[in-house]
Amino acid sequence: MNRDELTSKFSTVRVMTEEICRPLQTEDYVIQSMTDVSPPKWHLGHTTWFFERVILQEFTPSYKPLNDQYYFIFNSYYQSFGDRVARDIRGTLSRPTVEEVYRYRDAINKRVIDLLGAADDKMYQKIAPLVELGLHHEQQHQELLVTDIKHILSMNPLRPTYKARKTSAGGREPAQSFVAFDEQVFCLGADQNGFSWDNERPQHKVFVNKFSLMNRPVTNGEYMEFMNDGGYTNPLLWLSDGWDTVGSQQWNAPLYWEKVKDSWQVMTLGGLQPVEPAEPVTHVSYYEANAFARWAGKRLPTESEWELAAKVHQVSADKGNFLDERAFHPVAAVKNNGPLLQMMGDVWEWTGSSYLPYPGYQQERGPLGEYNGKFMSNQMVLRGGSCATPRNHIRSTYRNFFQCDKRWQFTGFRLASDTNER
Amino acid sequence: MNRDELTSKFSTVRVMTEEICRPLQTEDYVIQSMTDVSPPKWHLGHTTWFFERVILQEFTPSYKPLNDQYYFIFNSYYQSFGDRVARDIRGTLSRPTVEEVYRYRDAINKRVIDLLGAADDKMYQKIAPLVELGLHHEQQHQELLVTDIKHILSMNPLRPTYKARKTSAGGREPAQSFVAFDEQVFCLGADQNGFSWDNERPQHKVFVNKFSLMNRPVTNGEYMEFMNDGGYTNPLLWLSDGWDTVGSQQWNAPLYWEKVKDSWQVMTLGGLQPVEPAEPVTHVSYYEANAFARWAGKRLPTESEWELAAKVHQVSADKGNFLDERAFHPVAAVKNNGPLLQMMGDVWEWTGSSYLPYPGYQQERGPLGEYNGKFMSNQMVLRGGSCATPRNHIRSTYRNFFQCDKRWQFTGFRLASDTNER
Amino acid sequence: MNRDELTSKFSTVRVMTEEICRPLQTEDYVIQSMTDVSPPKWHLGHTTWFFERVILQEFTPSYKPLNDQYYFIFNSYYQSFGDRVARDIRGTLSRPTVEEVYRYRDAINKRVIDLLGAADDKMYQKIAPLVELGLHHEQQHQELLVTDIKHILSMNPLRPTYKARKTSAGGREPAQSFVAFDEQVFCLGADQNGFSWDNERPQHKVFVNKFSLMNRPVTNGEYMEFMNDGGYTNPLLWLSDGWDTVGSQQWNAPLYWEKVKDSWQVMTLGGLQPVEPAEPVTHVSYYEANAFARWAGKRLPTESEWELAAKVHQVSADKGNFLDERAFHPVAAVKNNGPLLQMMGDVWEWTGSSYLPYPGYQQERGPLGEYNGKFMSNQMVLRGGSCATPRNHIRSTYRNFFQCDKRWQFTGFRLASDTNER
Amino acid sequence: MNRDELTSKFSTVRVMTEEICRPLQTEDYVIQSMTDVSPPKWHLGHTTWFFERVILQEFTPSYKPLNDQYYFIFNSYYQSFGDRVARDIRGTLSRPTVEEVYRYRDAINKRVIDLLGAADDKMYQKIAPLVELGLHHEQQHQELLVTDIKHILSMNPLRPTYKARKTSAGGREPAQSFVAFDEQVFCLGADQNGFSWDNERPQHKVFVNKFSLMNRPVTNGEYMEFMNDGGYTNPLLWLSDGWDTVGSQQWNAPLYWEKVKDSWQVMTLGGLQPVEPAEPVTHVSYYEANAFARWAGKRLPTESEWELAAKVHQVSADKGNFLDERAFHPVAAVKNNGPLLQMMGDVWEWTGSSYLPYPGYQQERGPLGEYNGKFMSNQMVLRGGSCATPRNHIRSTYRNFFQCDKRWQFTGFRLASDTNER
């Protein structure tokens, strides 16, 4: 990207983050409704800190930070960058105020744009990839903003609405079927074209045994069958850790579902609405996805299988339901011209693969080496992006990852099988 | 009180609460920095709920609440009034917004004043005592607002200031001495004149053995001697529960103290300032007060002793350092015309008495019976009010109470002795 | 006591401790079924350590301990005597073995007896009171052994029996009535005659208002009325801390009660048996006693009231149901020649008094000062001894103390009233 | 195996379990020193329950269990077999006594042997595989017995010794080097010959990229270099979860190491001894192995790499240091005729592979399906067996698995590299 393109993209992404926050009241920006959630104003500040600390501080001679304490307050987990506010007390900080955080954004935006314009070519070559990485980082926080706002508002007894929405028409999703793939040696991971995270590289060969992949994600309707069949009360369907979690968390449905007069309702960013059977099920944990698969006599796909299928069928993000659509909710699948539906967008799909380094993995040099590599334990890979992901952020090699019990992201799944079924 | 007086007092107290909040940013209203602390906007709402739920709801035919959910959100601990938001998640609620809470206050204020004006005499006789009780309740929350705001701001790395303050002149406090009292049968508790809580009644006889009471509270200077003598590292000075708390909480000084380059500083509502040796020590727990007393070869006074001394010497709140002074911090004692200094105001004084019912205690009838009686276990009595207490709220029979490990109130102590020392 | 008497008493008490353990299997000696419980072999060792560490080590020139590590393993809570095994992991120590602990007892017994014989008069005067104190200490552990063994065996799904027992005949207890007392100044506490703990002294004057005391402890039958009337489900009957405990511990009956086919059974040291309505209720917490009293429109007596009543009516331990009776269970009251039944023995009676120092309290000098004084917070006083207390250990001034939620001791209660009822 | 062989193997394995316990005192059998550890008598009972519940109960008409409660007490985690004692309170059960457990073993042994003799051929075909599986199960518990006994004794301040041992001669291990492997499609997993667990099957193709594997496990000497280089204080070496664990557990060395006067000592089953630099490091967690590898600029091998290397070089268990050697401790490597040393025995080797199902995995039918499959989350694979593993229990396809933070097994590791180094 040249300077103009990058500057333009910088502005676009930075504005989008603020647009997501526009419907909020000042008070909403302050809340941390659980440890996984960060206050929206912290997201606004942290994404700004990233540009200040990683770029301005490093590449501006005798740089003076806007506020020394922001380095402490807005650092997330970078040991290389010094101390930080413990994650679980981000919601105890009333200051800086929302207005001060926006001023912080404006000031850093200006400095970054100035630097992009003023840097000589040699420095630009160093800075540009970091700015681009910072924008991908910010896009990840755009998704987190959406899911965190959802959690914050959903916890509130007043049930505030983020954005009014019409209930979907209630169409009928395409029937469940499976797409078969033969065994093969496959090149997994990102090549050198375009941006990718270190954890998607290097591209390398894997052997994939024959398998079949479901044409679309599992729906609410299918998930309710599992529930009605005692899915949450039969320990034999569950991983041992999963069953412990069902007990300790008293799970009996996906997150945000609630029984209202014998029918299931679900909190959305548009308020409480009936559970729509045709929509992909979402806000389920890996444990629930795994239990459903066992109940169904299937399993979850590995990330190799998922990526192979996506590459073979050249699934694209163009038509997907992403943040750009401002639906803030997955929608029912509709037939289109390929066998695999909703691979991109709507819901992140749990795979049966642990989040581990690829053979030959090299983490980023310097402090950004902490970005991905240190989380490679006790997490599972998810693929494909969701209705909260920016469209141009996703790709078929993209690896998202969460612990097995997390549910506040737009997480769903599709099934796979060892046989060549259809 | 007649209607005009009561209406006037109602307005005065209600306004005072809001005045305390005036220096706050919107974001400050939302924070719960620890379980003991409530978000300021919750205090504003809860004190309003009290008038709505206890009076309007009960005495207005076919009363319709302003918002049904407020009954859930702003109930503190009254089982009689139904369910409530768990105390430890009050800080997860962004709504109602601060502005909405203020509107709630205005609306209920108007309704209460209307009711006071419109009630016939018979109803007025029923309502007036409840309104008065509600105002005393609100004054308790005024004190909590001050201490909670202090905690919220002090936790913040930016160290925001509530109200600028000049450091005190650094005078010298009167020397420590003791005032002797002979053994006697004494009438403890409140008589029927004026307002008192149920827990101050009935007045009853107690036998008080001879004792001596310190002329003023223990100062920072005296407390630093205890610290310098290894007070926090010698288990033999401590109650067993206290020593466990020292270990688990890693206490080595009063709350809000911090060592800055070898000298002790303290966070105040006016910002960080040097610890002033002449001022009464505050933000210490019962455990610390008890350990200091053992170190000093003395003990804490019982509440009978404290009240006897206060009554014998007719200590008055007139000259004390209270919320009305807007100092928001205890000040050094100065000589005046009585032997006992600072009995009223500055710091609440831990006594060696557990918070238990007086002989013949009758809790309030109805739901307000929950107000005091159900907390009569595992708490100690404090006497005398603090710099955050409204002056007209305190009296010599007033019993405050907290658990032994609490430190976020303006709590201090004075010593007593079994002998007739001077 | 002269040397022969003391030596004889020493042997008698030491043997009694071992007799209590005789029905145990080796494995029973090792278990810590909850933090409050200590493994029986630890009790055997700790009571021996007491004599070794407090007497032999201090009064024998160049004393060499039997095993250095025993000083670490068998110290309970004496900071003055150095480090100790954390209380909650006493049950992780398989060694020393039971046999080694008995050998330890034998060796120390011999040394103590030798020292008592060999000491010159001056030294005997120093040692004798410590030996006596050590025997009272051991008697306290005899009671704990009984209650700890009960807990250990009751937890076991095999329901082992400590000692076979016949179910009581099922007689009818005397009807509930109250004994009236006029207001008076009363001398509370122990005088200088005979052994007493520091916490019973000094004797001092208290003013006791008029009151009435129930003729006997509350029975199982009466307690079941409370239960049947929703006692465990009505928060308005409970102290706030108590109601939290009911919820977190899921209490719905006294400890050791269980519903078997619609009727209440209770685990005893003689096995599972039907709850006998005429027996005093036991294994209830302070919270439960307090809730029952509120339900009954009464209250618990203060310790002053209890002791005044005991002294006025000269209640004696002679006829009580104590450890000496080997019943290991409270029995139904029977009429005898006084108005107050079962003041001594059967069940410890919760009072409404916090465990606090008496006016003029002086703790023991030296390390034994830790014995009682440091526990004077967050505990309530119990009076009168139980079926697990040695008869010659109890007296009317004796103050036992436990936290409000403890239930594994033989704890019951009787009611009091502010009026002069009968 | 025919009946005689199976009966003979049954007796041999069952006797071996008891032989492991022979050095114990009765008290040692009862202790659960942490949740992961089970009391030795529970292991003795549980392995017996397995034969009774899985075989006798199912294949003996109108079978009457020895003791109904044993089904509750000795069930480990089989939901299919009903309720069980919570794992973390196994150490609160004194009964059944050790002697009763041995009698239980004898009685069930006799019944199993009788059944093997009396079964007709059709039934024998059903029973024999279950008996064999039960023996492999018992061998796993033999290893757990050794590691649990080690933990129980090591916790004890008296430092009891399980079996006296001579300190090793202190030889010099072979220098670190790497063995190179080219990329290839490899058949991972067990074929149909001989016993294997369901989790080793089916054999399937994987693509293994070129890599190098270290010739022997990392030694104490090498690990001390890591420690001396600040390994435990540099967060950048650690996985995020690992660094949290270092902090919360306060790790600064492998489990059982302790600093005695400036030199590292280690608790072994033969008592405290100096850390021997030439021996493989053991009792390290996955997190520590991973951090060491990062520090060394290497990584851990995947399980595919490990198994490929083992199969290519035909490593055998014949010469390894196993339970059969009764060393109860890893020994220094010695040169022999292959390039890969100590692949089998000494220490389990952490791999960088998560414990997940192989493609085409089918869990055992019936209740034994719970044996392996439900643990396939949040655990890492270990390979090769240890000095506590029975020799005939291990094979190159064997997959052991533990959570990343576990250290009480004999766990070590060797390094791998993406390049073809030597």
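Note that the chains take the letters A, B, C and D in the order they are written out, and that residue 1 is the start of every chain.
Simple rule for what comes next: a residue touches a chain if its C-beta (ideal position, glycine included) is under 8 Å from a C-beta of that chain, and two chains touch if they have at least 3 such contacts.
All of these numbers come straight from a predicted model, not from anything done at the bench.
Listed by label, the chains that touch subunit C and also subunit D number zero.
Placing every chain at the mean of its C-alpha atoms, the farthest one from subunit D is found to be B. Distance from the subunit B centre to the subunit D centre is 59 Å, each centre being the mean of its Cα atoms. With each centre defined as the average position of its C-alpha atoms, the distance from subunit A to subunit B rounds to 47 Å.
Between the CA-based centres of subunit B and subunit C the separation comes to 37 Å, rounded to the whole angstrom. Residue numbers of subunit B whose C-beta contacts span two or more other chains: none are found. Of all possible chain pairs, the ones that touch are A-B, A-D, B-C, C-D. The residues of subunit A lying in touch with subunit B in their complex are 25-33, 41, 67, 69, 72-73, 85, 89, 91-98, 152-153, 155-158, 160.
Listed in rising order, the residues of subunit D touching subunit A in the complex are 77, 79-80, 183, 185, 204-207, 209, 211, 235-236, 238-243, 286-287, 290, 299, 302, 352-354, 356-357, 359-360, 369-370, 374-378, 404, 418.
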